[in-house]
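Structures for review follow.
Both complexes shown next keep subunit A, but they swap its partner, so subunit B is in the first and subunit C is in the second.
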Partner chain A sequence: MYDPTVARLTYRALLGRRRALILGALPLLLIAISIVVRALAGADDQTASDLLGGLALATMVPIIGVIAGTGAIGPEIDDGSVVYLLSKPVKRPTIIFTKLIVAIAVTMVFSALPTLIAGYILNGNGQQIAVAYTVAALVASIAYAAIFLLLGTVSRHAVVFGLVYALVWEALFGSLVSGARTLSVQQWALAVAQKVSGGDMVTSDVALPTATVLLAVVTVLATWYAGQKLRSLTLAGEE
Partner chain B sequence: MAVEHPVATPPGDQTRIHNIGYRTYDGPRLGRSYATRSLYSQSLRGAYGLGRSVKSKVLPMLLFVVMCVPAAIMVAVAVATKANDLPVDYTRYAIIMQAVISLYVASQAPQSVSRDLRFKTVPLYFSRPIETADYVRAKFAALASALFILTAAPLLVLYVGALLAKLDFADQTKGFAQGLVSVTLLSLLFAGIGLVIASVTPRRGFGIAAVIAVMTISYGAVSTLQAIADAQAIDGGGSSGAIPWIGLFSPVTLIDGVQSAFLGATSAFPGGVGPSNGEGAVYVLVVLGLIAASYGLLMRRYRKVGL
Partner chain C sequence: MTTLSIDHVSRWFGNVVAVNDITMTIGPGVTGLLGPNGAGKSTLINMMGGFLAPSTGTVTLDGQPVWRNESIYKHIGIVPEREAMYDFLTGREFVVANAELHGLGAKAAQKALATVEMEYAQDRKIQTYSKGMRQRVKMASALVHNPSLLLLDEPFNGMDPRQRMQLMDLLRKMGDEGRTVLFSSHILEEVEQLAWHIEVVVAGRHAASGDFRKIRRLMTDRPHRYLVRSSDDRALAAALIADPSTSGIEVDLTEGALHIQAVDFGRFTTLLPRVARDQGIRLLTVSPSDESLESVFSYLVAA
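Moving on, here comes the complex of A and B:
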């Protein structure tokens, strides 16, 4: 199910050239802000929770997920070079699975790791906040990577739709309509984080069993459907 | 097809140059400004998907509707409840809808310039009588106009609705004018930032992600820092002087600061305290500086298009 050559090519496509710059800039910004906040405000659990929840989990993880998830397959389909990959005797689901693993790994490294560092800078992991949000970021990475990889195979406007989901649905509708929060990767990840931290600093609107089931179902379904989609891929010219 | 020999050649000549009937163009030449205007109008139409496929009309039109519908609802509520004032200031509207505006810039700035780079059509433009400055100005003006249409249309809806609801004419006109000035600045600033980022990459998807990252992350970071500074100030029993200075680092809060200092808007900053007049001057300078800088950077980017 895992093809090292496909993985190597995907890593190069994701981290090559300027793409790595934006992937690296966001975590650096988060850490820089944490240092500034720590210097200005000192160690404070509420501040740490606000910053990690509002900036790291709500904004940074989805954006890195979009870049890594759609970037793993989108550009290849876009410029048509995916036919060279598809013409090789490698199963299409294997290609998707490999690309998913790579996308998850990249998202985790560039979002969960900085979250952990930022958490330690902000309050030295007081009340398990740093670890809780890191776990949330890890869990969210898996689901985001799977969803956005699927989007990359379905539409050539994958990046836009991914961002619309992450920013408009989760952030805007999620804050206005409470029902929308049940269908939000962010809230599912927070439910897991709530269990980890055990305190009342990290809260979610979704119960833990629902969240884990939904996370697993979404990830598996998205990966399976992306594999199906790739089996019957039609290449369209640029409009 | 046989080659025509319209010119009769004298007999006995062994070597001759065939005149195969090519003609020079002697019609009117429309020139540089016409080409620039065409590029402008094509880019502006393209920003709303006009003259392109149905698929590319969906997103800009959808965002346009999303921008206008809340304004229509507010007007309906104001008319139905016979309120004395609109529920939202003209100047505040764009700040509330900043996510939609950012998405629009992120989706349309790359489609305006990245595809020209990717399909290497830029050299074709420059084989026409237009110069680098014309190309940059046309693209910049087109995206800024598209953004102006996007942000001014809901204000127009609010204004017409307010007049229909027989609200105070002078008051509403003043607010509407202030709102228009604010969205003009916003359009220029967002268009500049979006185009500079998009013109660096030939990949459309990557351009979209980069623009949205700059817009949202900076806004998220600035709002978070401001909220923390505000909380600190309340704990310390005073108001924080740092809040306005932090606001300088994100496009949305920049516009917010300018309009709350000079255009009579109430600030969306935490604590509701916008920059004072002196700080507001810095805001205006930064906004104008950023617009000029993005124009300069674009000129530099397109000075040499070996690509």
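Moving on, here comes the complex of A and C:
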């Protein structure tokens, strides 16, 4: 199911100079803000939770997910270089699964790790806040990578759709319409984080069992469907 | 022996029919797929390579379907027309990756790089390569698993004459070895120099198939139109129309020229200068007025 050559090509494409700069910018911004906040306001659990929930989990993780998920396959389909993967006796679902693993790993490294560092800077992991949000970022990385990898497979405008989902649906609708919150990767991840923290600092609108099932179903379905789409991917000619 | 069979294949995109009920069999040796730009060659090659489903009909390789059948790529090598090819890798890394995807190692990659004579630049990034170098590395990636069928879409585009000759030699060798090699081109001379057999596609339809010489004769025997200016148009027209190689001459007074339709190309090209010399007429302009490839092809379709 996992092809090391496909993984190597995907890592190199994803961590190319320009994309690595974009991937690195947001985590650095989060850490810089955390340092400033800690210096100005001191260690405060509520501030730490607000910053990690509002900036790290609600904004940074989905954006990194969009860049890594769509970037793992979208550009290759756009420029046609995916033909070198498709013209090989390698099962298409293997290509998708491998790219998913790479997208998850990249999203985790560029979102969960900085979340942990920022959490320790903000309040030294008081009330398990840093660890709880890190777990949420890890869990969300898996689902985001799968959703955005599927978007990258089916649409040429995957980045736009991904950002609309991440920023408009999750951030805007999520705060206005309660129903939207149920269908939000962020809330599912928060349900897991709530369990980890055990306190009232991290809360979710979705119960843990529902969240776990939805996370698993969305990840598996998105990956399966992306594999199917790649099997019948059409490479239109130049004509 | 590898045979690619295209059986009553059509492909349409919305209301546009790109390929219209084509049936052909491509066997060992070098076959040229000839047609003007936009004729449907790339669509056809994409269907042969399993990257596009036919709307109707089937494409099979030795009886095996090509569409949605990954295992078929053990036998097929593909050189796509598009330029993009993991530009951030070196030539060697690219060919090694292609070898690995076939379950092969660096040794097979090195052999393929040697075949296309790209060892000297193998450690440079692909983004620094010229068009011809890219083409050769693409070729190496297609040859790495020793395929019995090689599909090349406009392989000579953008190559300089020396590179073109090298690639032609290589493809000829592949054909001599008994591989099935199919390449597309819109340039008659390329096909003439390389292909043993040609398939002509015009406006999505299969216009001609067979030995190149037969088709070439069809092409040269068609009525040719010329625009001729001379020191005495009327006298020249009178002398030319007496010969059976011309079927019609119009004296165009406003342009000050003759529009001549010749039915016997070979005979007319020797007749014109001879008649002019004998009559003491000076030829000022002799230019074919319908030599575009499209007119050649449309004649073929009608023939």
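Quick note on the criterion: the second predicted complex is superposed on the first by the 235 of 239 C-alpha atoms of A that agree within 3 Å, B and C clash if a C-alpha of one lies under 4 Å from a C-alpha of the other, contacts with A are read in each partner's own complex, and residues count from 1 in each chain.
Definition applied: contacts are C-beta pairs under 8 Å (C-beta built on N, C-alpha and C of every residue); 3 or more make two chains touch, one makes a residue touch a chain.
These figures come from a predicted structure and were not determined experimentally.
Colleague: Taking the superposition as given, does A:86 touch the first partner, subunit B, the second, subunit C, both, or neither?
Modeller: second
Colleague: Is A:163 in contact with subunit B, with subunit C, with both, or with neither (first, second, both, neither)?
Modeller: A:163: touches subunit B, not subunit C.
Colleague: Now for A:41: first (subunit B), second (subunit C), both, or neither, which partner does it touch?
Modeller: Once the two structures are laid over each other on A, A:41 reaches subunit B alone.
Colleague: Who does A:70 touch here: subunit B (first), subunit C (second), both, or neither?
Modeller: Touch partner of A:70: subunit B, not subunit C.
Colleague: Report for A:13: first if it touches subunit B alone, second if subunit C alone, otherwise both or neither.
Modeller: Second partner only, subunit C.
Colleague: Is A:60 touching anything from subunit B or subunit C once the two structures are fitted on A? First, second, both or neither.
Modeller: first
Colleague: Go through subunit A and flag every residue that touches subunit B in one model and subunit C in the other.
Modeller: 238-239
Colleague: Mind listing the subunit A positions that touch subunit C in their complex?
Modeller: So the residues of subunit A touching subunit C come out as 3-6, 8-9, 12-13, 16, 79-81, 83-92, 231-239.
Colleague: Can you check the complex and tell me which residues of subunit C touch subunit A?
Modeller: By the definition above, subunit C touches subunit A via 13, 18, 37-43, 45-46, 49-53, 68, 70-74, 76, 78, 80-82, 84-86, 88-89, 97-98, 100-103, 141, 153.
Colleague: Considering only the defined contacts, which subunit B positions touch subunit A in the complex?
Modeller: Residues 52-53, 55-56, 59, 99-100, 102-103, 106-107, 115, 119, 200-201, 203-206, 208-210, 212-213, 216-217, 220-221, 223-225, 227-229, 231-232, 242 of subunit B touch subunit A in their complex.
Colleague: Okay, in this complex, where on subunit A does subunit B touch?
Modeller: Checking each residue of subunit A against subunit B gives 18-19, 22, 26, 29, 33, 36-37, 40-41, 47, 50-51, 54-55, 58-60, 63, 66-67, 70-71, 74-75, 78, 157-160, 163-164, 167-168, 171-172, 238-239.
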